[in-house]
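So, here come the structures, one by one.
Two complexes are shown next, each including chain A; its partner changes from chain B in the first to chain C in the second.
Right after this comes the complex of A and B.
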């Protein structure tokens, strides 16, 4: 490679690393007063607090992981069948429009519209309510991805298995599932990330009582506790980094 | 059996997508015209009239459109420059290109605060380097009138996404080969760039660009942390109206919800129609 592009790539690489380095460094800092660039002390205190069993941040991380895994699992499963149903339905275009809508509308505005019903059914300010609310934005996204996957040629392969004497179950289990394992993985990871990154909808439906990591970051920022906010930020970016690493070949290039 | 399964699927779709969406919008509409709500006594267009006279909705809408247009415009320009200007060693995207996608809006907003505020990292570096002598010499980039902090945050989030996206399109649309054909037909370098490569990438990427525009239009946490108190972006304005102690503001908030939903609905319909027309042709 020529020297010019290598220099630009190095600059871009540094730019990409900068946010992660900032978060990491801030999570070890204590006392940071203008105009000094470095803190008064470097500390491991916040990280030690994190790994204490009764630590709030650890519990928040577990809550976030639980919510995101549940939302991703249900969206992936339901979306698989709903996407296929939609792809074969004569009103496909209209269903697709409806599926796009909650996702594009802005989750927080959707939450503002449905908040009344959540209060009415006792789902406001609790874990179950947040799960259902997040499902309302993750599921449409899953359906949209699956809808692209269930192309006529894909559906024809299932039909071919039936024509060759396979039962409906065999066509589903031996043809559709193996062929769709890639897209299932993509949908799981993407819906996990949607839930993991969600703030506005979670705050409105959870009323701040269901603490996820994004809620925690916002709370620390408003309390001007920037070092704990940075630590929460580190916790917030690590799972997506791992997921992106695992799933690099499937994400973006093929499905956007 | 097939019919039963179809009904079950339709039931789930209705329950989890149509009902919450429809219910929320109908509730918002009824609340805004006085059909629901503790303090609403009669059906009227008072809330609509108020937001029209005060210009709250339009001000927020224009401000949001301004932020979204500038953010997406800059991101698309930057990512096109990166796609067409930098040749990576491999056709496959390296892992580091995906890393910025792991940053949620909340974290980006937090980082902007730490970098760009008057007591932030850049201000301190400039002070230590002797470029500024006082804290007030550093420009206001956070919670500023022009929404620069919000725009920079969105650009930082959108540019890596569009870079990966355009690189994908560059390969699937065979842009390099199209450029080669144009060159063999006598086109010059700048003509290939401006009349072949950029138009192909923009045209094929238009539905995704519009979708991302809508995401920025409805973004919440970034303008919540980095925006000034007035004007605010739509999502922030709506939530503030609904959460105020003054219950009389609520109908206005709900009116803004269904009005914004109507705009988004039209936009999504246009994107889908555009996409399907392209597919058909």
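Right after this comes the complex of A and C.
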């Protein structure tokens, strides 16, 4: 590669990494007071606190991971079969329109609209309520992505496998699953990220009782606790970075 | 013998097939000519078990197939598109049906190898499907169907998406394979010439009804097939060509 493009790539890379590096730096600071041009006190306290079992941030991180994995898993699985069901349904267009509906509204407005029902069914302010609320946006998203996968030719391939002597299970296992592995991974990653960064719905339905990392970051920011907010921010970025790497390693490379 | 008795199919209030009756003898190819929307594809899908009929019976060697799932009927349906499995190479695509039956590896290698040779695809066995031309894909599709020796093959305009030259090559290949594998097949097309080349027996479908012909002359003389119009067109072209002044004159 010539020097010119390499230099620009380095600049772009630095630009992308800069916010993350800043957060990382802030997570090791304790004080930075005017007019000092560099931080006055450095500390490992926040990171040590993080790994303490009773630490709030660790609990919040685990809650977030649990919620996001559950939401991603259910959306990916249900979306796969609902997408297939929709693909052969005469009302396909209407179902698809319905799937777009949660994205027409902002999550906060959606939450305001459904909050009454969540209160009525005792789902407000608890873990299950947050899971269901997040599924209301993650599942339609999964269905929209799968809609492109369940094309007529994909369905015909499954049928062809049946006429070649395959049972419904064999057609599913030997044709649908291998052909859908890429889209399944993409849906899982995307719905994980939707759940991971979800704020409005989780805030309104969880009523602050269910704390996710995203909510925690906002809380630290509003409390002007920038160093803890930075640490939470770092934690918030780690799973997407891992997913990005996995995506590049196993999904993108698979199709190139 | 495959017997199709009084098959009917309606989608809501729209009738697609009406009282379809015919018999297909073993080792015989029936070409069915018909325009788009005449009900050809629906008929094939019903025979293959991919679509449920509204009424009537499908019988193979005295056994009613109506309630059997597609895999139990052992009738292979070939689409217009080759619909190869992109995650498998050429060898594994052809071997697909044998793998479903859990055939042992030696048998798979022998049968698939012989099939690939017969199709002229021996040197392409390790290629992935996106590396093949349209004609090669269609040949792999044929091989994938024939290797499991299906009692009946249903072909839904299999050469429809190919260019003229490749189509001609595939028709020749089909003819060769028909002889070699004693094929029993129902071949639907909207191309008169193709129907005549391929079929031992000829039929025509229109508005959900099928008509079978005793011989080629009957088929050509029936105004419904539009064979006369086609013949007139080519006779006109030939007359123009005969009257064309040669360079010497």
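Convention: the second predicted complex is superposed on the first by the 242 of 256 C-alpha atoms of A that agree within 3 Å, B and C clash if a C-alpha of one lies under 4 Å from a C-alpha of the other, contacts with A are read in each partner's own complex, and residues count from 1 in each chain.
The criterion applied here is as follows: a contact is a pair of C-beta atoms (placed from the backbone, for glycine too) under 8 Å apart; a residue touches a chain by one contact, two chains touch by 3 or more.
This is a predicted model, so every value here is computed, not measured.
After alignment on the shared chain A, the placement of chain B and chain C results in a side-by-side fit free of clashes. Contact with chain C, but none with chain B, is seen for A:161 once the two complexes are overlaid on the shared chain. When the two structures are aligned on the shared chain, A:240 is found in touch with chain B, with no touch to chain C.
Using the contact criterion defined above for the overlaid structures, shared-chain residue A:66 touches neither chain B nor chain C, since it reaches no partner.
When the two complexes are overlaid on their common chain A, residue A:81 makes contact with chain B while staying clear of chain C.
For the combined model, the angle formed at the CA centre of chain A by lines to the CA centres of chain B and chain C equals 90 degrees after rounding to the nearest 10.
When both complexes are overlaid on chain A, the residue A:214 reaches chain B alone and has no touch with chain C. Contacts of A:34 after superposition: chain B is touched, whereas chain C is not reached. In the superposed model, A:114 lies in contact with chain B only, and not with chain C. Chain A has more of its residues touched by B than by the other of chain B and chain C.
Superposition on the common chain A brings chain B within a closest Cα-Cα distance of 11 Å of chain C. In the superposition on chain A, the residues of chain A contacted by chain B and by chain C overlap at 168. Note for the complex: chain B touches chain A at residues 1, 5-6, 9-10, 12-13, 16-18, 20-21, 23-25, 27-28, 82, 86-89, 93, 95-111, 113-115, 119, 121, 123-125, 127-128, 135, 156, 160-161, 164-165, 167-168, 208, 211, 214-215, 217-221, 225, 234-235, 238-239, 242, 253-254, 257, 260-261, 264-265, 267-269, 271-272, 276. Across the interface of their complex, chain B is touched by residues 1, 5, 8-9, 12-13, 16-17, 19-20, 22-23, 26, 34-37, 78, 81-82, 85-86, 93, 95-102, 104-110, 112-114, 116-117, 135-136, 139-140, 143, 168, 196-197, 199-200, 204, 214, 217-218, 221, 226, 229-230, 233, 236-237, 240-241, 244-245, 248, 251-253, 256 of chain A. Of all residues in chain A, those touching chain C in their complex are 153, 156-157, 159-168, 170, 174-175, 178-179.
Remark: chain C residues 48-50, 69-71, 73-79, 81, 83, 85-87, 96-97, 99-101, 144-145, 148 touch chain A in the complex.
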